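Look for chain A in each of the two complexes below; its partner is chain B in the first and chain C in the second.
And now, the complex of A and B:
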């Protein structure tokens, strides 16, 4: 317990002072991307990992959050930072009818419905030019010239989402989420209203996805439907990030986000779009050899390292 | 009005009538047994009671309240717990977490739920396995875990579906002991069982069914001597030849 506390404190301190040490705005940009992907992964993981309701369309929430912020600036000419409230709320509003309809059913309905919702959003936001400016996207003005404020806002969002998931998973709701994932019939027979608790998992998940989207808009200052509602680059990528880091683990999505972002930045210049291939291979290897993801197998990894250490030690003596 | 009452229950699956006009009532504090050959409709009756299935016809009352239209979780909240014949452990959760998931019905406090769950695990003889993942338990312990989880919801009426099936004699003894202990703690029990030693040993009253219909009802003694029951289990020629 104490060890965990120290470990967490060290990570927090590093996260706070890291951008002060690293002055390069390119590296700071990478850190910010990690924070956005981390928050998105944590949001997906709450619903898909802990509650077992896999979504193939979280881009819908991300994009609605981003457009929630962008449209405020575009139509009403007010600061897109207000979108940090409007965006996530809009994402939640989108999520509620989907959940109410699909969560009564079992099987892959929710996953497929989300896939459809993500694509519908992309098409609507592309075609409805009078509202969204269509494929031309929305451009806003940069608020801060330095990356530093963005970094800390991103860090706050990620911390907020991780903390919320931590609190949820250590309460009755968390036990209920996992029960629903493990066996819905058993959960019902224990008095758990499963539809309701799936909603309790969906709503924060949509909220944090929307928040990440709204922040993305404010940070990038430019969004277009094909980017924020992308099926392969957002919806599917979140799932891979979480699988890589560890499904249903608190820190897995963050670890996955670090690996994904760093890797794609490293390989993008040399391999171009094929950098995704490398990432795909890594995900395959993780699924084959570490089915619970990196954070899910952390104990096993530790044990392996210790055994190796012990063997080396015995050879010396 | 009885404590728990099933009236003219019918369950049809397409053309198959799985439960055909079954009626019975259970008094508070008793152990009521339900027996019958394979496929006679025992588990279907359970599934109708906790509304895992919707009954095709008939009414079910618990403490005077009609419950056959309520959702499954609501029935548990009213105080009817159940176990599953084909065990449904929450596989990747520990035994303790399994039971806590049940205990959360009565409290939203994690520490209280944990204390309650540990008590129940101890009661069912699973205390030493509390940190084992449920999927790693033996079948006997998984069946106990089913009971423990249901007990953690603090039911007044407990539906036990073949908790002794597939257990060896020693495990069967232990299961019977647990059931007796549950009864003496004031819980009414409705039990489906194939293992005759168990059901004859602990039931106050038994109803025998075959092809979804009642064929006999009475004390365990009356049931074992009933010609219809013998016929259902051992065939017509045996019943006549005896």
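And now, the complex of A and C:
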């Protein structure tokens, strides 16, 4: 426990001082992307990993959060930072009817219904030009010229979401979530109101996706439906990020986000358009040989390394 | 009234090709109990093979079907044998691991094609593109009609294959009850490989048939994967006939949506039907005939 505490403290200290050491605004941009993807991954992981309700439509909540912030600025001409409150609340409001409808379905059917929801959102936001300005998107003005404030806001969002998930998973509700994932019928027979607890899992998940979306809007200053509601670039990427890092682990999504963002930036400069291809191959290999992701197999990796280390040690002596 | 018939015919012709693609998906879904999200990418690869055949060697798209289908059959077998079958029996937290793997495969296939051909739209212009004939005052596009007829022939051939041949019967047995099929001496491992190959070949056939009437780009697969699972759910999982009627229904619904609601919202029509069917008729059309 003490070891864990020190480990966590070191990570937090590193996270706080890292952008102060690294002055380049390009690297700071990468850090901020990691924070956004991390928060999105943590949000998806609560519903998809812990509760086992794999959703292919989380872009719906991300996009609604982003548009919640963007539309405020577009129609009411107030600061889009108010969207940091309105965006996630809007995502939660949208998530309630979606949950009530889609939770009647199970497993792959739920996944596909969510995919349909995400696509419906994208098409509606593209076509409803009078409200959303359609495919032209929404453009706002930059608030800060330095990336530093964005970094700390992003870090706060990620910490808030990780902490919330941690507290939830160590409460009674958390055990209910896992029991729903492991065997829904058994959970129901033990008296757990499964649909209700699925909603309890969806609402924070939608909230943090919306928060990440609202922050994305404030950071990027430009959104359009095909970007924030994208099926391959948001909905599916979130899943792959979480799978890579480790499903149903607290830090897995963050690790996945770090690998995904760093890898795509590294490869983007060296390989050009092939970076997604390499990422896809890595995801396939991880699913095939480490089905629980990097954090999920951390014990196995440790053991493997130790054994290898021991062998090398014995060879030397 | 002629607008009505025009809409109906257009929808029907396009629906036939959708059905062919969806039958491939429903076949895979029935045998392996997984949703193959790479299916759209396989359609896309079939389209690119046809494009290459036409553009570089001058092979007519309808003849290129004999190249694209075997090629995709082979590719499908490889995918099943060396990636999806590896996962069978592996412990993991999420039961949908195989589905997620197909997402990874989709990403790999799409990006490979993007790397080779770039992201821009391509199309094939044959001598009969844009030609049409008239039934009364309804105009029927000739390439669409040819594609429809070929799609129906393939559907019928597949039906014969599944009901009359040994391999076809083994595929159906595996879909019904895997354990029982193993006990009856069916090599289910081989059957899953053949099924995935067959499903991929049908996807390729659908893609090839769409080339003369459609355009192609690497991300086109997303549209088809969405359409084919809408059809699969509409028709009932694992049902060939259901997929046929589901395909025709979706084609007609989209066509009417485009004519009478709005061109841009025609894809929403499909998704709304999808959610309604999931909620109120979870077994699809298949469950209607059983009652």
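One rule holds for everything that comes next: the second predicted complex is superposed on the first by the 314 of 317 C-alpha atoms of A that agree within 3 Å, B and C clash if a C-alpha of one lies under 4 Å from a C-alpha of the other, contacts with A are read in each partner's own complex, and residues count from 1 in each chain.
Convention: a residue touches a chain if its C-beta (ideal position, glycine included) is under 8 Å from a C-beta of that chain, and two chains touch if they have at least 3 such contacts.
What you are looking at is a predicted structure, and each value in this text was computed from that prediction instead of being measured.
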More chain A residues touched by chain B or by chain C? C
For A:109, using the defined touch cut-off, is the partner it touches chain B, chain C, both, or neither? Pick first, second, both or neither. second
First, second, both or neither for A:188, with chain B first and chain C second: first
On the A-aligned overlay, A:277 touches which partner chain: chain B = first, chain C = second, or both, or neither? second
With both complexes overlaid on chain A, does A:239 touch chain B (first), chain C (second), both or neither? second
Between chain B (first) and chain C (second), which does A:300 come into contact with in this model arrangement: first, second, both, or neither? neither
Chain A contact footprint on chain C (complex, rising order): 34-35, 83, 86-87, 90-97, 99-101, 103-105, 107-108, 110-112, 114-115, 219, 222, 226, 229-230, 233, 262, 264-265, 267-268, 271-272, 274-275, 278-279, 282
Chain A to chain B touching residues, read off their complex: 170-172, 175-176, 178-179, 182-183, 185-194
Residues of chain A that touch chain C when the two form their complex: 48-49, 52, 54, 101, 104-105, 107-109, 111-113, 115-117, 119-120, 123-124, 126-127, 181, 231-232, 236, 239-240, 243, 247-248, 273-274, 276-277, 279-281, 283-284, 287-288, 291-292, 296
What part of chain B is in contact with chain A in the complex they form? 50, 52, 71-74, 76-77, 81-82, 84, 88-93, 97, 100-102, 104-105, 108, 110, 113, 149-150, 152-153
